[in-house]
Each structure stands twice: as structure tokens, then as C-alpha cells.
Amino acid sequence: MSPEIAPLALHEQFANPNQQRETASFGMWIFIISEMMLFGGLFVAFTVYRMYYPQAFDDGSAGMDIVLGSINTAVLICSSFTMALAVYSAEVGSRKLVSAFLVLTMIIGAVFLAIKFTEYYKHFLDHKAPAVWFDSAGPGGPKIELFYVFYFIMTGLHALHMIVGIGLLMATLIRNLAGQITAAYYTPIEVAGLYWHFIDIIWVFLYGIFYISGLHK
Amino acid sequence: MRSDILQSGPASSISGEYEWFFWTMVTVCTLVALGIAIVLVYSMIRFHRKRENQMGSQRQLNIPLEVSWTAIPFFAFIGMFAYGAKLYFDIERPPDNAIPIYVVGKQWMWKLQHPGGQREINELHVPINQPVKLTMTSQDVIHSFYVPSFRIKQDVLPDRYTSIWFEATRPGKYHLFCAEYCGTKHSGMIGWVYAMEPHDYQAWLSDGGAEGSLASMGQKWFHQFACANCHHFDSAGRCPDLRNLFGKPVELSTGETVVADEGYIRESILDPRAKIVNGFQDIMPSFKGQISEEQVIDLISFIKAIGPQSNIEQHTSPGSVPQEYGNQKGIAGPGTVSISGSKPETR
Amino acid sequence: MQPALALVPKNYLTEKQGLLSWFFTTDHKRIAILYTASITALFFLGGFFALLMRLELLTPETNLVQPETYNKLFTMHGIIMVWFFLIPSIPNTLGNFFIPMVIGAKDLAFPKINLLSWYIFMLGAAVTIYALFRGGVDTGWTFYTPFSTSYSTTYVVAAAIGILIAGFSSIMTGLNFIATIHKMRAPGLTWYRLPIFVWSMYATSLILVLATPVLAVTLLMVAVERLAQVGIFDPALGGDPVLFQHMFWFYSHPAVYIMVLPGMAVVSEIIPAFARKPLFGYKAVAYSSMAIAVLGFLVWGHHMFVAGTSVYSAMTFSLLSYFVAVPSAIKVFNWTATIYGGALSWDTPMLYAVGFIGLFTIGGMTGLFLAALGLDVHVTDTYFVIAHFHYIMVGGTVMAYLGGVHYWWPKISGKMYPEGLAKLSAMAVFLGFNLTFFPQFILGYLGMPRRYAAYPPEFHMLNVLSTAGASILGVGYVMPLCYLLWSWKYGKEAEPNPWRATGLEWKTPSPPPTHNFEITPVVTWNAYDYKAQQEELQLVP
């Protein structure tokens, strides 16, 4: 049974636990804003080329696997749900549930990655992997390749963030097992949750620009 | 000859406006900087501490002062902006009667083509008191065409055209520099602009252009690359009629309308799938890799020559392949002298 | 002052000893010193390249180095000076050391992230220096495409990755500062009681966090394009080289404010301290810092007036560029008004601060020329621009950095620097700087383009003057390196508050203890409030 209130590891630089809590949360928000600028730069570049080459980019998007993409989106939204449940469990002091939901979130995250890498492999087999094997024979070839370049860079960067996120959840799990996350102080998991949700939201936008935009074809 | 003398000082039609603005800015800024410097130096001396434990006046706020030194610079800056924008508009908007000269930059040289076919490398001969419009592209990286004495500069980009114009006012020899770093011999990508008296310029023109005007060269390529096989000079062909096209709006299959300018013609030759004319099929092959930038320029000159401002009825009849232009008005055939003393070839 | 026989209390330097205690420290003051050592070394490396360039430019022909080498020299000079000196300089040295102290905190919000940021900075520097040793980069620090992506045969990817890595160090620093300033101020220290140092560093941090990620993705795309040979910015493959310029300058323009705002931060501390007078127009200066940060994001297109963008785009950026000049002007006037009527001394920090005002004003005014569209057409891409940004970066930021180092030296080291030598080197710096860079305005107006290894003979004389100035400037920089290091060991012991300044940092011993304050201060006075602290500081009007 976990104690109701565990001793808080107050870091030296903070005057009181409240300050530590607020600062940690605030810090993660600033980080998320910087990440928005990171992905934002790529979204802007993509949008510029979409405006230049609407047909080629529509063709590129039409060649994506909408089924796998939609499944992946659902998968990731589920993982955000389990993550939210993990944070809630921490709020109410259920250490076991926290571990369970964290593990579940990590597994679902791994499923997302597995589907993603399957998609990459399929693109490779379809000769749609820029630089590695890309057939630009069709109309507007090099411009469609540009679509795929952005696809691989942006979803690749997202996947990298997912991997880091899973690592972060692992670290949070370890802290939870060590009893450092309690109802009195659950900021670490709250902060990890913020990161996880952010990565999810980024994916939703990626899904929109890569999978949905060419659907009308 | 006078144009061999390296001239310093500004020598173009906008340089009067430029110098006036520049030196006014210098005067105003110097006065303000001096003012601040005087206050600083005066203060450092006049208010030097007399005792080690001395404290200064504690005055720290004066709203009228703050408002003044916010508002006055602000309005001064608006004035600077307005003047700079006006000058910029003048620099960027060529007059209609400018001589069209084409520039191709590549690592590490400038290639220039006059309408009459005269070609130059790293040198540009122009007449004084006549506007000259340069339409430029790069074969590789970004360069920049810079003639300090004319106060003009324009980046030269690959795969598109940029342009700048000037009117030389003083005969002389003026530096031409590449002003955008472009690799190893960037500082060697330099040359000269020779501004000449009109009669000297005519004499210079007649020495060159042996191959014929750009337009007649373009006509040659038009046959050689078999453009003529599809682009008949009638409305019945599989391909758009290129007469009366240059400078006119074109409706595309997407519903968008674009103007048929130099960039459009170039793109149509090198990447025809990018824009399809409404009512026509996407069947034109690309000539990328088969045709040089200079040949593209020749073709553009030809398309201009059969454009709206010229007398094309004499040169074309429905369904026929256009013949040699020979002595037709305004366009020189191969081997003949270009531009007469009257107005230069229009765009 | 401690009795000679009593136990000397430990300070942050003596509390833990040994190399490991430095390389695994989380103390913001020690991390500041780690950064100082790194950026000083990198500064002299970048300066060495500049020296070679100026020696080459002594003569019109290329005779000292080949053009290929010259191109690498100006590239590496730019990359090292911008990303590995100027951007980290004041924030990661003086900012790291003094932001917590000035707000009454024990450390930054995230000390471990602070240490991590140094390691990441060093990793980025190592990768970039690797590119240097493998043969260098020759694209210019601006990496314009398609030259950098498709034509250069040098180590572009390594350099881009090195810079990208160092960028993450910047983001971490900015994040740390923002969190610290928001959440860790001492009781009673409201925003409007904060010294301007904090306001300006806060504004800098906003830019660090928001702009740097865009650089990261831009360089990432350049690296991907080069490695995978795809055409993101290559027109031959459908790419747009002008898009690169937009994305690059979207970061790099705010970056110049990352470089100058900290300089302004330092000057805003030095002037009240040596005039013994509150900073004139406190709120105006505070708001101006924020205005510069915000407006700085809206003007990137002024680097592209001749790049082939539309006339209307150019006009918009020109107008906005004039807007961003207003807050800088407000600051200059307020600093001047602070000095007028003060009780001034000519101590070295004050010399550097006054020098900053003069040189920054000249640099800023030449910015007005560049913002004027019609004028910019002639002088852009020439030595006029080079002179402009060196006046601000070197005449501004570096002088402010040196001023700050001297101002806070007693607090950092517990020793005084030798004032005579310091004044001498300040004068060498000021004279050398002007001799180096003023002729370059003239060269630019006369038409000498940038990045030229060889030039026409009529530019010879001005280049000789510039090189002569550079040698004096170099001496002026080496001198502080020598006497500051000397004073660390042999200098006179410093009091807690040798300048009788008002900031919280001066209420601690010199050097301060590891946790800065034994008792957290409670602040009930405004910044620069000499009147409130008159008795404590033993000052008389």
C-alpha cells in the first residue's frame, strides 16, 4: 500500500514544493512551444510547396495508405487516453494503476511505431522512398518526390519524438515503481503527459496534410 | 576612346535621386550621432564624480521627453521609408522603351546577349541616355548582377528570370561585379560595362551580331527543335497558336490566368506540364537538358517578335510554316545589321 | 571584510574542488565559468580566421591564401563567431552567473538542464571543428542554396549538424531563463522591480526558444538534401532557393537580437552603477526590450530586397524594419539621459558602456540606410553591410560583454582587475575597432562586394587601413585575456560591493557562496533605487 503523502524530493533551488511543481509544468509548456516552432517550420515549408504544386502533392497524398494512416491516428488517440488515465490514477494515488496505464501507453505507442515503419517499408517496396528508391516516371515526378521527402522528414521527426516519448514514459514508470509519484506530487507524470499529448496532436496535423489532402482523388 | 576610362562616381539616371537621399541620410544621422556624442562626452566630463561616495541626481522620468524621442524618430523613419520605397519603385520598374538585353550567369562568368545577336562575355556595351532592361537567369547557383556606378543590383537565380533596368548617363567604363557568393571564383566573376555615345554604340553593334538577331536565331531553333510541327500558326492545331501571345493573359486548365511573360515561355519549354493551357492536352514534351539557356532566350525573342506589337500578318499565314524573316520590318535576318537608328525593338 | 585569522567561509569556487566537481557541477556559477572558457577559446579561433582574412586583404590579389581557402575562412569565421561565440556569449556566461543572483534565487529553475546545455554546446562545437579539420566549409555562414546543397564540395553536412546541435543548447538556455524569471524571483520582487538586465535577458530568451527551432529544421533540410540528393531547395528538382532564404532569415534575423539584447542588458546595468543614478525611463526601456523581441520576428525579408521577392513584400519588410528601429533609439536616448546629471566615474566598465552607446548608435543608424529600399539595392551584399553588422556585433555586443566581464569581475573572481591596463585595452579596442570597420562603410558605398578574396586596386588603401585597425583590435582583445587571468591569482582582493551598486548580486560576498544567499532576500525597493539604499551604500548626493 502506498502512503498517502510521500516525502517530496524538494530540489535545492526551490523554496517550496509548490514552486517546484509550477516551475516544472511551466518548463514543459515552454518546451512544447519551442517544439511547435520546430514542426511549424516544416509545416510552413510543406505548405509553400503544396501551393506551388497542388496536383503533384495531391497525387502524392492519394498514394498514401489511408487505412493504415487512419488506424495509426486512432491508435495514437487511444494512447493519449491511456496516458490521461495514467495521470488521473496518479492524482488519486493509485500507484498500481499508474504503472498499468503507463505500460499500456507505451505498448500502444510501440504499435503506432510498428505500423509506421511498416508503412515506410511498403513505400520502399512501391518505389516511393526518395533517395533510396523512387520512381519519378509518372507525371510531375520530381514534385511528387518532394511530397514524399516532406512525408519522410516530418513523420520521421515525429517518430523520433515518439521514441523519446516512450523513453520518457519508461523513466516515469521507474520513478513510479520507486514510489516517487504520489497524489501529493505527481508533476513528473503530468509533465510527461503534456509531452505525450503534444506529440499526438502533431500527428493529427500530419495525418491531415499527408493522408487527407489527396482523398478527393 | 572615352569609354575606356574607368569612371568613378554615379553615372545612371537614378543616381541623382540616390545620391540626394543617401547624403541627406548621412547628414541627418551624423548630426544626431554627433549630438548624442556631445551630450555623452560633455556629461562624462561635467558630471565626473567629485568624491568617491557621491551619488547622482535621482531624476528618472520625463514623459514629454520620452514621447518626443519616440515620436520624432518614428516620423523621421516613416519619411525614410517613403523615400526609399519611391526610389526602389523607380529602380524596379523599367520604362517601356528599354532595350532588352539578356544575361546568363554561371560559375564564374557573365554571358550577355543583345537583341541583334551580339554576344558578350563579362562585358556589356550600352548606349547612354537609353534605358536598358536586363532579363537574367543563372545556370547554376545564385549570382547577383551589380554595377556600383549605376546603383543597381539584382540577384540572378537558377530556373527563373529576374530583371533590373538602368539608363547610363555618362560615357565611361564601369565595374561589373557578382555580388552573391557563388563559389571559388566569386571574386573573379567580374567585368565591365561600357557606356558609349550613341554613334559609338551603333558602330560597336555593327561589328558584331554575325549570327543574326536573337529573334532570327530563335526562329531557327523553332524549326530545329520541331516546335513548328505542333505550334502551327493557326487556331486549328493540337497546340496553342504562339502569335500575339507574348505579354497577353493565358487561361490555364486549372482556371487560373497567368501572363505570358519571359518566365512563362521558359517554363513552357522546360517544364510544360507545370501549366496546361485551357482546352489543350498535356502532350508537350520537356526540352530540359536539350536546350541551353541562351537558346531559350533566342526562342523568347522570337515569340516576342511574333507577339502583339509586331506586324505579324506579313510573316505568317494560316496553316503555313513561317518563312525566313529576311527584310521584314523591325527584325533582322541572318547576316544583316540589326537595329536601325529609329526606335529599338520593342518587347 | 573577514578577520585574517577567522575561518574563511567557502565560496562557490572553493567549496568543492577537483575537476570532477566542475564537470558534474549543477551550480549555475560554475557552469557560467565552463561556458566562459569555451567561448573564449572559440572567440580566438574565429578571430584567428579574421586575422588571416585581413592579412589576405592587405593586397588586391590573392597571394596569402588561395580563393578556396579564403572562402572557407570567411565561412568558418562567421559560423564560429555567430553560433559559437556571440549567441552564447553574454547569456551563457553573465546571464547564467547573474540571473539567479539578481533575482534573489539560489540557482536557475533547471540546473541539470543547464549543465546538459553546456555539454550539448561542446558537442556542437566539436562536430563543427571536426568539419573544420576535415577541410572546412565554404558556403558562407548563410548556407545559401543551391550552392550549399548541390555545388559545394566541402563539409556542409557536418557543419550544419554541428550548428543544429548547438542550437539545442540555445533552446535549453532560453527555456531555463524564462522559467527562472517567471517562477523564482525573490519575495517582493515584482516584474517592475526587476533590473533591466533581467527584462532584456527575458526578451532574449523568448527569441532563443521561438526562433532557434526554425533554424534547426532549415539546416536539417539542407543536410537531408545534400545526403539524399533530393531537391528541397534545388530548382532543378522543383525546389525553391528563395524559400531557403526565407526560412534561414526567419531565424537569423531574430538571432541578431539574441546577440544584441544581452549587450543592452549589460549596458543597462553598468550605466546606472557608474552614474550612481537610476536608469532613466525604466518602463520605456523595459517595454523596448520586449518590443525589439516581438518586432524582430517580423523583419527577416529585409535581407532579401534584391533576392527576387515582390516589390510589395519588400515594402512591407522595409516599413517593419523601421518600426523595430524605434525601441533601440528609445534605449539610446534613455541611457544618455541616465548619464546626464549622474555622479560619473571613468572606470573601465563605464568606458565600455559608453563606447557601446556610440558604436551601437552608428551601427544602428547605418541600419536605417539598409532598411531604405532604394539605398539598400546599392549597398547590400557589399562591405557596407559587413561594417554595419560588425559595428553592432563587435562595437556593440563584444564591447558590452567586455564591459560586463569587467563590471562583475570582482563578484565572479573575488579579485579586482588592474584598472590602468584595463583602460588601455579598452582604448585599444575602441580605436582599433573604428579603424578596422569605418573604412568598410566607405568601401561598401564605393562598391566593393562581400566575400571577395581579390578586389580591384582602387579599393587598396581602405583595405590597408582596415587591416591596420584589425591588428590593434587584436591586441586590445588579447590584453584582457592576459590581465584577467593574472588577476584571478594575483589581483587585489575585492569587496562585496566595490562599485556601490544597487543590485541584489552586490549584497553577497565576493565571490559568492554556492547557494548565493544564506537568507532569501525580501525586496521592497525598485531597481537602481539609490535613494532607498543610500544609507546602506554610504552614498551622499
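Here the chain labels run A, B and C in written order, and each chain numbers its own residues starting at 1.
In this section, contacts are C-beta pairs under 8 Å (C-beta built on N, C-alpha and C of every residue); 3 or more make two chains touch, one makes a residue touch a chain.
Nothing here was measured: the structure is a model prediction, and the numbers come from that model.
Of all the chains shown, the one with its CA centroid nearest the global CA centroid is C.
Across all inter-chain contacts, the pair with the most C-beta pairs is B-C. In whole angstrom, the spacing between the mean C-alpha positions of subunit A and subunit B is 48.
Rounded to a whole number, the gap between the C-alpha centres of subunit A and subunit C is 35 angstrom.
Subunit B and subunit C have Cα centroids separated by 38 Å.
Residue positions of subunit B in touch with at least two other chains are not found.
Interface residues of subunit C, counted against subunit A in their complex, comprise 100, 105-111, 171, 174-176, 178-179, 182-184, 209-214, 216-218, 220-221, 224, 227-232, 237-240, 243, 247, 250, 515, 520. Taken together, the subunit A residues at the contact with subunit C in this complex read 11-15, 19, 22-23, 26-27, 30-31, 33-35, 37-42, 44-45, 48-49, 52-53, 130-131, 142-143, 145-146, 149, 153, 157. Against subunit C, in their complex, subunit B makes its touches with residues 6, 8, 14, 17-18, 21-22, 25, 29, 32-33, 36-37, 39-40, 43-44, 47-51, 53-62, 65-66, 69-70, 73-74, 77-78, 80-81, 83-92, 107, 140-142, 144, 146, 148-149, 151-155, 157-160, 162, 175, 177-188, 190.
On subunit C, the positions that touch subunit B within their shared complex are 62, 67-68, 71, 138-140, 144-147, 150-152, 235-236, 241-242, 275-282, 284, 305-308, 311, 314-315, 318-319, 322-323, 325-326, 329-330, 332-334, 336-346, 354, 357-358, 361-362, 365-366, 368-369, 371-378, 380-382, 445-447, 449-456, 458, 500, 528, 530-531, 534, 538-541.
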